Amino acid sequence: MTATDRQATGATWLRRNRQVVAPVLFLLPGLLFFLVYVLLPVAQSVQISFFRWDGLGEPDYVGLANYRELAGDRAFEVSVINNVKWLLLYLLAIPGGLFIALFLNQTVTGIRLYKSLFFFPFVISQVVVGLVFTWFYDPTFGLLNAILGAVGLGPVNVLGDPALATYGIIVAGLWPQVAYCMILYLTGLNAVDPEQVEAARLDGAKGWRMLWYVILPQLRPATFIAFVVTIIGALRSFDLISVMTNGGPFGSTRVLSFYMFEKALGEYGFRMGYGAAIAVVLFLIMLVFIAYFLWSMWRQERGA
Amino acid sequence: MTGVTLEKAVKKYGETRVIHDVDLTVEDGEFCVFVGPSGCGKSTLLRMIAGLEATTAGTIRIGARDVTRAEPADRGVAMVFQTYALYPHMTVAENMGFGLKMTGHPKAEIDAKVREASRILKLDALLDRKPKALSGGQRQRVAIGRAIVRGPAVFLFDEPLSNLDAELRVDMRVEIARLHKEIGATMIYVTHDQTEAMTLADRIVVLRAGRVEQVGAPMDLYRDPDNRFVAGFIGSPSMNFLDARVTDGAVEIPALERRVEVAASLPPEGTAIVAGLRPEHLVLEPGGTLEVDLAEALGGVSYAHLAGPDGARLVVEDRGDRRAAEGERVSVTFEPRRLYLFDRETGLRIR
Amino acid sequence: MTGVTLEKAVKKYGETRVIHDVDLTVEDGEFCVFVGPSGCGKSTLLRMIAGLEATTAGTIRIGARDVTRAEPADRGVAMVFQTYALYPHMTVAENMGFGLKMTGHPKAEIDAKVREASRILKLDALLDRKPKALSGGQRQRVAIGRAIVRGPAVFLFDEPLSNLDAELRVDMRVEIARLHKEIGATMIYVTHDQTEAMTLADRIVVLRAGRVEQVGAPMDLYRDPDNRFVAGFIGSPSMNFLDARVTDGAVEIPALERRVEVAASLPPEGTAIVAGLRPEHLVLEPGGTLEVDLAEALGGVSYAHLAGPDGARLVVEDRGDRRAAEGERVSVTFEPRRLYLFDRETGLRIR
Amino acid sequence: QDESLSGTLTIFSDMSNPAPRAVMEDMAARFDEMHPDLEVELTIIEREAYKTQIRNFLTANPPDVANWYAANRMRPYIEAGLFEDVSDLWAEPEIAENLASTKSALTVDDKQWGVPYTYYQWGVFYRADIYEEHGLEEPADWEGLKSNCQTLLDAGTKCFAIGTKFLWTAGGWFDYINMRTNGYDFHMQLTNGQVPWTDERVRTTFANWRELIDMGAFIDNHQSYSWQEALPFMVNGDAAAYLMGNFAVAPMREAGLTDDQLGFYQFPLIDPDLPMAEDAPTDTFHIPSGAENKEAARAFLRFVVSPENQTLINGGDALGQLPVNAASEVDEDKFLEEGFEMLSANAPGGIAQFFDRDAPAEMASVAMEGFQEFMVFPDNLDDILGRLEQARQRIY
Amino acid sequence: MFPRPIETQPRAAQLTYQAMIPLALVLWLLPLLAVAVFSVKPDADFTTGNYWAWPSRFAGLENYGKVFLESDMPRYLLNSVLITVPTVLGAVALSCMTGFALGVYKFRGNLLIFFMFVAGNFVPFQILMVPVRDLTLELGLYNTKAGLVLFHVAFQTGFCTLFMRNFIRALPVELIEAARVEGVAEWRIFWFVVLPLMKPAIAALSVLIFTFVWNDYFWAVVLTQGAESQPVTAGITSFNAQYRAAYHLMSAGSIVAALPPVAMFFLMQRHFIAGLTLGAVK
């Protein structure tokens, strides 16, 4: 076999198999990045959670000790409870977003600008949102107390009261999230089949019943995405807590993600193993939703 | 009495008028078909009757009742959409029963009506399926079933068959005809399909640019069109139009090298007019000045496309076993009574 | 020699076989049309020839070359898609020249070829437009132009006209016929439109469930179908099929109350067979046992749907000025040579 | 001018408040000027963030010099081998003699791991004008403090401003009440984990603290404020005093309080039998063991503690704190003088670093969170102490 | 259209609606408006307790001047740009490729890989934190913009792949088949046929990622420190710590930090919204 022959067969092999080679080459860089920065770290975190490690010296294998400690850790318990609160209350963003979307789904002049402005909070960093709401709640000069005072109520120290602080942060979190859901629903409403609405109108459906029986079922894809992003948002809540209360007062606004950070990299923390164990728990919670999401996507793919 | 009457109905979108003073009466129990070129306002008119578009001016009556400002649901009409507009998340039975449910009918009554409708449309086996699991024809049947269930006085159809393939379209057409016979309600039907219009209609309304051009029974429109537009629109393949001139009290058609004496009241000598001849009324004769450009054999019938020396083109229906071949030179003949004449400017028929 | 030959071509999707051992030869320069009901495998077969679907077993040859495993690009074919598949971000000229540019042809050559193609298809005025700014017919012309430019030996068309409206379809059909005459390449064309198949094809291939039922010239299939399926598929409206029996060496058709002597080699006495009669070969006579169920007047022609007392149904083409009215009682006659006979079980023609 | 040093000297500093920041920048600039071949690169990181980031940079990209705190606060890094042993510096006579008083705070395992650059007294800063207005005196004992407070409260003024959002300010109060109630030695045993938190003596401390809380001595909503955010209460006269380190003087002055309006007193006696002990945290400079230019780093440390520099940076117009070098001069600033006087003459009980520097980090965080909770919900005390005890048993 | 178009309602309802939108908008954006007003107030307004009244004088210039001239904010802003822009480029480039591979080719494991990307996209950051930090340390990229960029690119690629793949799926396959029949090589199909058609998706994603990355705080804290490489989200917190209780400056700083994504959003809002529709609500 001469060199040119070999080249030729090489070339034709490539030619003949380009349907196989091409996707591999296209996938490779992205996949590599993803493996190194996402998949492997997940596995490593799980591994670290079985060690005691301050991030400086050599890790000590301690088996399930970190998890056992979690079971008796009050702060962890508070974090889980707060996470549940986040999960449940954050979902209010969905009806909230729907409501605003319905309000804005008109074609009057300038409505595009209004829609964008309503979407505004989502574009702003959570750090700024947190700051803005901290001032809003400020017990001495906050707008909230100014308003409450005007109607003869208050004052309340939302972020200083362990019974209210978490809710206060969730409200701040809802602000951009509602905007996000709103935009999802606006795009969803765009895709609603107008003939179905007309058919329903002829069928005598109006107002709420139209919404419930005809519109909402058609908005299912939007609702699904809104649900997913809201759940993710709820479980990722970190920036706001860090900016608004720093976990306080006395740890009452901690959630898993924040507690994990505190334990692993915080001022007094550096318990990497323990932090990893918290992260694993958070991951397991998330896994439920990931599984649900993949499952519905799989059904969709199969149906398509 | 549940006919539909339109009096000087007008529809404007902003400043553009898309329906101009339409006067129309659809009798009780009549099957009325709207035809016309795309964009002429067929759907708009239908939707005005349904109440899905506000009527800018004029009056719409259903039966004796003025419904110009009434809600769609209160007009006693049902509509079948081109895209079926079935609710994808409901089963067939739920789709059909939805209207009654919304108007608060008891469940038992709804069930009975749905069953009755599904019997008429042979949908019994499908009642529990979702629309996704139905074929196009079945979906359209469900859409019709949904209309039937509500027992409306007037059915409105907007190109209900145009999303179906040719075969199914034929079947569904026959089905709709049967349905009309069976329930006898007033039906208004929009289509751009010749065959549907001709075969289904008691009366056809020909629309053009928001105006009614002619109203009449299908064969009347075919035989006796009022103007060139209607003549060209009804009949397939279309009528051939040829330049003609009034000479010596007769009509001369240069392209066919013929002069025809007609009974019509012709315009003054020398006036240029238009002669109309349907392909099926022309007979090919071998030899002549016309060349067969293309011969399309469809089995039982062929269409010969002819070109004259002066650029005139016409289509001739060719039947029988001996058919014209491409490139052949031919001439055509016709019975003078088959000749239609139109004013060159206004397009109005010269009778 | 650039005909296309398929030898025992098989396509499986997973375990389902959608193409069964197809043997087919398309001659060089032939216009071959694939027809068949939806889902019969027309597109699949075409895409196997194009190389867009892998061939599971068998051989595909283009000219003398075995291309069964070749990449689409290496087969020397061009394909025109139902949806045109124009690149929306390129102008007409870029669309047409894209393939050549990508395979490294010099710019001058590309320009020349694009100009030539646009001349043939009368696209000169549109060369700088984007597809968005074109009508459906123009888009389809560009798609064809893109195919022409590469000067392929074989053109493949997959229902190229089905997205056009009726009028345009007629025009484009004529254009494709002209094109084939002009460039003379081998063309394989998939359609489900009777008229297209009949008018365009040199030869029609009738497919059914992944198998070739019959191959032949259009009028041959129309006049001399091999089996009941082809007889029913070719011709519009479809052939009527009636129960018949062999009695005394002749064919008895109870529904028509007629016995016909035929030249065919009939099966044994008493065998139940099927008689086929085309609507256009039947003539209505007033009075009889058949009732006119529905009369569809289309202008020049009407179709009478008849129902026999034993439930037999048939469609008769009715021309001339006096047409049957619904409810009328009639009988039908036909010339014996117009009668087709089929085996009841296998559907094979009895000749 | 010293020509021998070259390369770059990177310094990470947490002196991010405006006044210290200026001092640090100035100090770096001066050092830079002194060494023409040496380029000084200063990175100032926000003080709270610095506390979490120091671990990262010590392992990842160590600077040549880094700020930190003395005592227990530096122990983890010493144990992990991240700080350079600078005993050699301390052996130099100039340093050995002049910095003797702070040596113990920088000694672990008989070696020294850094140098101090400033320290400052804690104590009560108060609005002299308000006290005067109500005819109050600086209190000498707990009763005096409480009666002063009552007078102020009756007049609608809070006694003490405090912002506990970042917890450690509450640690200051605990330190003082505990040292006054149980003495310095007990306090050190407690922070070293040798005494259970459920100990009766600890409870006494909290009981004393509670007296103030129940009176309403502290401003409301302190858990929502950082210490800076609580300053306006003092400045606006809504609160009359602030237990804080001397670094609070600069911002108070900046906010417009004159020296006439502002006074300082030592935290008063509770148990008269106990000698007074004080918190005087020492802020330090260290050389990370991974430093590249250790020679220059040592030179910088020498420069920092030099008498001239000490005088300069601790002056009233700079840090406004106490110089660590005995040979330097305490600025003619009334608070510095008072503080210096107090620490050198009136703190026989001992000098503590600060709660979160004396206790190990994890204990400090749990405990200070408990202090904050106690200040808001004193009734939760049992629960809090139980938790602290649990933590103590795990941590030590 | 639902709800019923307001144009078809009586005039009174239309007017009410027209009046209500701006009102609702003001309420909705109230917290932000407050910050905007804060940012142009003079220092004195806060010491005198004039929080909510109109600014006693316009001090916008000096406040913003201070932010830009006397703080590290410009540097943080520059860092943010240097982190965000490469990330957007990188993530979009990678995901165009992965999306193309997953959307166009049929091969075993296609769906599996796709789902992996999707799942990875929803993983909580925290579980990645410690290993990613260590990895970055090992690579010597701790406290560098490059370290942040690499991670962001990797993480956002998951999200973008979901988006791109769905988008490519929605393109007509015939376009690709047509090119194949014409003999165009695969990578040229990608470059000349698919990529130009993905412009809307690319534009939309760019804005989205820009927003995400610009606003990231968590990773900024985990992987960087100091003005040398931290982005503006971290910058604003340290700025705020520096000027604690100087509300006018903090407000001005926040507004400066928020402005770029807002500007980006307004410039590209059409694509942005279209992008959400295409990639997400399908």
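Here the chain labels run A, B, C, D and E in written order, and each chain numbers its own residues starting at 1.
Methods note: a contact is a pair of C-beta atoms (placed from the backbone, for glycine too) under 8 Å apart; a residue touches a chain by one contact, two chains touch by 3 or more.
All values reported here derive from a predicted model rather than from experimental measurement.
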Seminar exercise, completed: For copies chain B and chain C, the superposing rotation on Cα atoms, rounded to the nearest 5 degrees, equals 175
For this session: Would you mind checking which chain's C-alpha centre is most distant from the centre of chain B?
Result: D
Seminar exercise, completed: Most contact pairs found between chains A-E
Problem set entry | Inter-chain centre distance, chain D versus chain E - centres from mean C-alpha coordinates, in Å | 41
Exercise. What is the distance, in whole Å, between the centres of chain B and chain C, each centre taken as the mean of its C-alpha atoms?
Worked result: 27
For this session: Can you check how far apart chain B and chain E are, centre to centre, with Cα atoms defining each centre and the answer in Å?
Result: 54
Seminar exercise, completed: Where chain E touches two or more other chains simultaneously, the residues are 49, 133, 185, 221, 237
Problem set entry | Junction residues of chain A, two or more chains touched | 18, 55, 214, 265
Exercise. Hey, which residues of chain D end up touching chain E in the complex?
Worked result: 12, 16-18, 21, 43-49, 52-53, 56-57, 59-61, 226, 228-229, 231-232, 235-236, 255-256
Seminar exercise, completed: Given the complex, residues on chain C that touch chain B span 38, 165, 174, 177, 192-195, 198-199, 218-219, 222, 234-237, 278-281, 294, 296-301, 305, 317, 319
Problem set entry | In the complex with chain E, residue positions of chain A that touch it | 18-20, 22-24, 26-27, 29-31, 33-34, 36-42, 44-45, 48, 55, 100, 102-108, 111-112, 114-128, 131-133, 135-136, 141, 143, 146, 175, 183-184, 186-192, 194, 197, 210-211, 214-215, 221-222, 225, 228, 232, 235-236, 238-239, 242-243, 256-257, 260-261, 264-265, 272, 275-276, 278-280, 282-283, 286, 289-290, 293-294, 297-298, 301
Seminar exercise, completed: In their shared complex, chain A is touched by residues of chain D numbered 48, 51-52, 55-56, 59, 76, 80, 82, 164-167, 220-224, 356, 361-362, 364-365, 369-370, 372-373, 376, 387, 394
For this session: Can you check the complex and tell me which residues of chain B touch chain A?
Result: 50-52, 71-73, 77-79, 81-83, 85-90, 98-99, 102-103, 146, 150
